[in-house]
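Two complexes come next, and they have one chain in common, chain A, joined by chain B in the first and chain C in the second.
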Partner chain A sequence: MGLLGFYLRKAYTLFKNQILVLPSRTAVLLFALALVCLPLFTRDPYLLRILIFTAIFAILAASWDLLSGFTGQMNFGHALFFGVGAYCTALLNLRLDFPPWISIPIGALGAVLTGLIVGIPCLRLRGTYLALTTLAFPIILMGVVFAIPDITGGELGISGIQRLSHSRVTDYYITTGLLLILGFVMWKITDSKTGILFHAIREDEVAVRASGINTTRYKLYAFCLSGFFAGIAGGLYAHIMRTAGPSTLEVALSFQIVIWAVFGGIVSIYGPVAGVFILYPLLEFLRILPKVRMLVFAFIVLLTLLYMPEGLIPWIRDHIEKECPRCKIRNVAFRKECRVCTARLD
Partner chain B sequence: MKKATVVWAILLAIFFVMGVGFPVWGADEIKIGVIGPMQFTQGEGHWNGATLAAEEINAKGGVQVENAWLPIKLVKVDSNEFLSIPDATNAIELAISRHDVDFLVGGFRTEAVLVMQDIAMDNKKIFMGCGAAHPKLCERVKEDYDTYKYWFRITPINSRYLVKVDFILLGMVAKIMAQQLNIPKVKVAIVAEKAVWADPIVGIAQKNLPKMGMEVVGVWRPSPVATDVTAELSAMQRSGAHIIFTTFSSSVGITFAKQWGELKVPAAAVGINVEAQKDGFWAATGGKGNYTLTINTYARVKITDTTIPFYDKYKKRFKEAPNYTAGTYDAIHMLVDAIERADSLDPDKVVPELEKTDKMDTAGHFVFDETHDVKWGPGFVTALGTQWQDGKNVCVWPLNWKGITYEGAVPYVVPPWVVEAYKK
Partner chain C sequence: MAHGFLEVERLQKSFGGLRAINEVSFSMERTEMLGLIGPNGAGKTTLLRLITAVLRPDSGRVRFKGKNVVGRRTWDVVNQGIACTFQNMRPFRRLPIIANVMVSCLSPRAMKRGEWVKRVEAKAMDALEFAGISDMALEKASTLSQGDLKRLEVARAIATEPELLLLDEPFGGLSPAETDLMAQSIRRLHKGGRFGRLHSEGPAMIIVEHKLQQLMKIVDRIVVLDFGTVIADGVPDEVVQNEDVIKAYLGEGGI
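Presenting the complex of A and B:
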């Protein structure tokens, strides 16, 4: 009993000193709570469907951030991992009768393998050349999909896949639950030693190599990790849609991922997640203006990025929090002194 | 006083139960969701056809169900399916759960329709397909009847039949040319846009044309958006082709027809050219697309008694000829007939009535097979072959085909420069 009390007190202290001290962390907590509690207030199938897709695409956008934002490996063909995850999951489910909880992680391993295959030829490339090369891969795979229709279903894709679950609310909890878990895992990765090395590779790869670190290994690691998370998103998508088709490999999807991530703010994990949670439902809402839907959408994105070039979430965060000039710890904006080192914040 | 309150409460409860238990008593209209890519010509066709049908039915007082006359209310649902499949699924979910539609008509891109079909079936909504031709959509009805019985395809005919019509048209032109120009063995150049959907047609053509007594002189695959195909046309001319067998769905159809007419390539153009189905084709090719022959669904020809009135009304109202997605017009009329026969809006009662459909509608005689696909063949829906003849897109097939001739159909005309080139 005494031990339980100790841990409860410890958890409360951590909660108070690590989460409630910063508005951004409090907002993330409230966001997670809102997601968990939503079905208690509404079970509208349309709303839940949108949020299911939003959660899936949020995992996808965050996985892009892990590779392109943190490691600087600009990937313009991220739909490749998504598509491979979707197709592998679909084939495993349809041909081998694997249930979703097995087909999705194994399908994601297919995307990891793809990450390795793509990563190796891309190791020597940087910037524009890397971006263009990555763009080519989903197009190549789409050609393969059309070339072997007996396996891939050709232009129709693979349909008749098992449902993720038998209720919309369960689907919702699985997808949003996975978003919260995988989002947290990705965030912890970026906060770990590996994450710091990803950062360093992006900033100055030569310096990192000069420090005796095998950057090749870490870059491949980033490709594989990113592929895994995107593959999970692809697998979820396949089971929700009950189909995996060529549209999962489309160039438009790859660019959409970049738009979501850049709009939310890259190099943060939560930025791309927020980007998807704002933009995807917004596009649905804009159905009220059918003729100019895409135009208004593009205008909003453009305007936001014009005034908030680092993305919406970093802009908001910089207005409600400030960084201590001495210890680099973030503080709520109205504080005069740093909460850790008591240095003046003005 | 207390007794009166109890009576009122019982009466209110009865009305409530009646309202919930018998939806049609509570319903004051029939909501039909028209789903399609509304920012594109295909979606416009869906909406325009449905609008005309709903207006006609409402003008007659609506639909008679259980002694009530219910008007039709159309709900426009933009699936955006060309650009995003999730968008299409959200759209159909929106139509079902928010707009509370009773029935659905439309759909275009097969990959999207497959997913939309699943959602409609989960919700037991009758979905009348008016755009996707792939056989898979109807095969599902046979594979799992209880789940997919709410799906029916109205237009176009199954893609297998479309290919069949394509080859019938080619055979017809080959026969006419052989007879008129004394060509012993007709040579055919195959030209198909570089797109996945065209690949099987090219393969079948290469395999089947020799069996049909024709010689394949080559295959050309320009880009679907090519703006210049003179090189291909010159090569076809040098190959000695008498016929160019076309498979185009994109803008290359205009480029090809225009340059074919300008160069006066001595080979007749026949096959699929979606651009040539549109009214704007004549102006887009500057009249150079004259004599182009394509598969079509509608022309000003008497397929049935309702075809010409529908065609004229559509053209007057929307300033263009109907395309095949305007088959929503037939779909809604068929649906209304089935509802009235079933005397119910309950989909499980309407489905058996739809299965019994035996109706002459604008595109032909509609009967569904066991997969809920529209039957094709003489005496059923046939599709058309239409040729541009001096600014008019006229029907040239069926004309004495297995005893079928549509009133208003005219003979195929071999382009004069082709006659000139081969006449001995």
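Presenting the complex of A and C:
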């Protein structure tokens, strides 16, 4: 009994000192709790459906951040991975009768393969040229989809896919659960040693090479990892919509991803997730003003980026937390001295 | 046949119509400290770039420990044991200084040699300690002064534990006192040994430098380049007496 009490107290201390001490961490915890508890209060199918799509697109936007934000490989055709994931999952489910929990991971592997195929020609390009090249790939694939309607269903897409689960609440828990898990995994990747190399490649590729790092390999890693997470999002989307159509490859979707991520704040993983959770429901909410919906939406995005050029979330974070000038640990904004090294915070 | 440590044979490189390196040949021993001097635009930096395979020569060969370097990837060459610093410093500006060095510590060569170092950070910290900027380890690289950036470049290069170190103007932008300190660290590094968790092989060095007085004190041999060709090669005292060298620096009838 004493031992149990010891571990409970230890867990509580850790929780208090590691999570409650910073408002950003508390906010993430509250966000996760809110997502998990929401169906206990409302089972409104419309609201749940919006949140399901929000979660899927949040995975997608975070995976874009992994490739373009962290590694600096500007990808303007991220819908490619999403579309490949969706089509692969759909075909596997429809033709081979794979259940969702197999078809989605294998579909994501298809997207990884696409990441390799796209990544190899893109290795030599950077900046605007890379952005333009990546933009072309989903358009090419859309051409292929229209060219072989027997397999891909042409403009109508593939329909009649199995549902993800039998109830909307289960769907909701699967997608939000995956968002929380995959988001955590992506954040851990960017926090690891590989993450440091991704950062360094964005800053100066030649210097990374001169440090003895095989940059080709790490850039391909970034493409594949990003493709994997985007592919899972695509697979989920196919099973929720029960169709996989050419809309998953649209240029508009690629740009949506960029807008979400930049709005939330790139190079952070949590920024793009928050960006989707604000912008996607906002666009739905604006249906009350059908005529000026897109105008208002664009206006909000523009104003935000004008006054918070680094994105919404980093801006908020800088205002509720400050960095200790001595030990670089983050502290709540109202603290007078650093919680670790007791240096004065000004 | 025994191979030399580093052999450069009839190396040529042109940029457009400009012949930057023209039939350069020299070789060096494992224990040597080589100074590489010459007027501006003589091709010194280009020569270093060719040795580390950042640039590809038009013709000629570079052999390091008997293995060809030309046509290989930069990271392969670095992992074989050649490290270089950049003349115009290229730090990862938005990363903390310690992370800048950790990138080098994560290269296969450094990982293999420091397997007993579980924490890459610790080794990176010792490299910074050696270069003398460990007190600023957590600052962003963009906040560093020119002199400290030079030190960062050196720390990054030695973190791969090279056998041949190419330093491109290590004293550039340093005050006289800082220059002395840097010269001291270079000599210490050349002796080899262990600096905390960082192990020094006692690398051979090629140092490109304009501050000749300082350079003369630490190198045992000097190669002089002018218009992409070697015009003198020998011990420091001989080279400064050499007429061609005086002519190249001061012009025809300069004295």
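By definition in this document, the second predicted complex is superposed on the first by the 338 of 346 C-alpha atoms of A that agree within 3 Å, B and C clash if a C-alpha of one lies under 4 Å from a C-alpha of the other, contacts with A are read in each partner's own complex, and residues count from 1 in each chain.
In this section, a residue touches a chain if its C-beta (ideal position, glycine included) is under 8 Å from a C-beta of that chain, and two chains touch if they have at least 3 such contacts.
All values reported here derive from a predicted model rather than from experimental measurement.
Aligning the shared chain A places chain B and chain C next to each other free of steric conflict. When both complexes are overlaid on chain A, the residue A:Gly245 reaches chain B alone and has no touch with chain C. Look at A:Gly154: by the touch rule set out above, it reaches chain B but stays clear of chain C.
Within the superposed three-chain model, A:Pro45 lies in touch with chain B and out of touch with chain C [touch as defined at top]. In the superposed three-chain model, the partner touching more residues of chain A is B, compared with the other of chain B and chain C.
Once chain A of one complex is fitted onto chain A of the other, the partner contacts of A:Lys291 are limited to chain B, with no touch recorded for chain C. Look at A:Phe53: by the touch rule set out above, it reaches chain B but stays clear of chain C. Of the two partner chains, chain C is the only one touched by A:Lys193; chain B is not. Applying the stated contact rule after C-alpha superposition, one finds that A:Ile213 touches chain C and leaves chain B untouched. Of all C-alpha pairs linking chain B and chain C after the chain A fit, the shortest spans 38 Å. Those residues of chain A that touch chain C in the complex are listed here as 193, 196-197, 199-200, 203-204, 206-216, 327-328.
The residues of chain A lying in touch with chain B in their complex are 44-46, 49-50, 53, 146, 154-157, 159, 241-243, 245-247, 252, 283-284, 287, 290-291, 293. Of all residues in chain B, those touching chain A in their complex are 38-39, 76, 78, 83-87, 89-91, 93-94, 96-98, 110-111, 114-115, 118, 134, 136, 196-197, 199. The touching residues of chain C, counted against chain A in their complex, run 52, 54, 73-75, 78-79, 83-84, 86, 90-96, 99-100, 102-104, 106-110, 120, 138, 156, 159-160.
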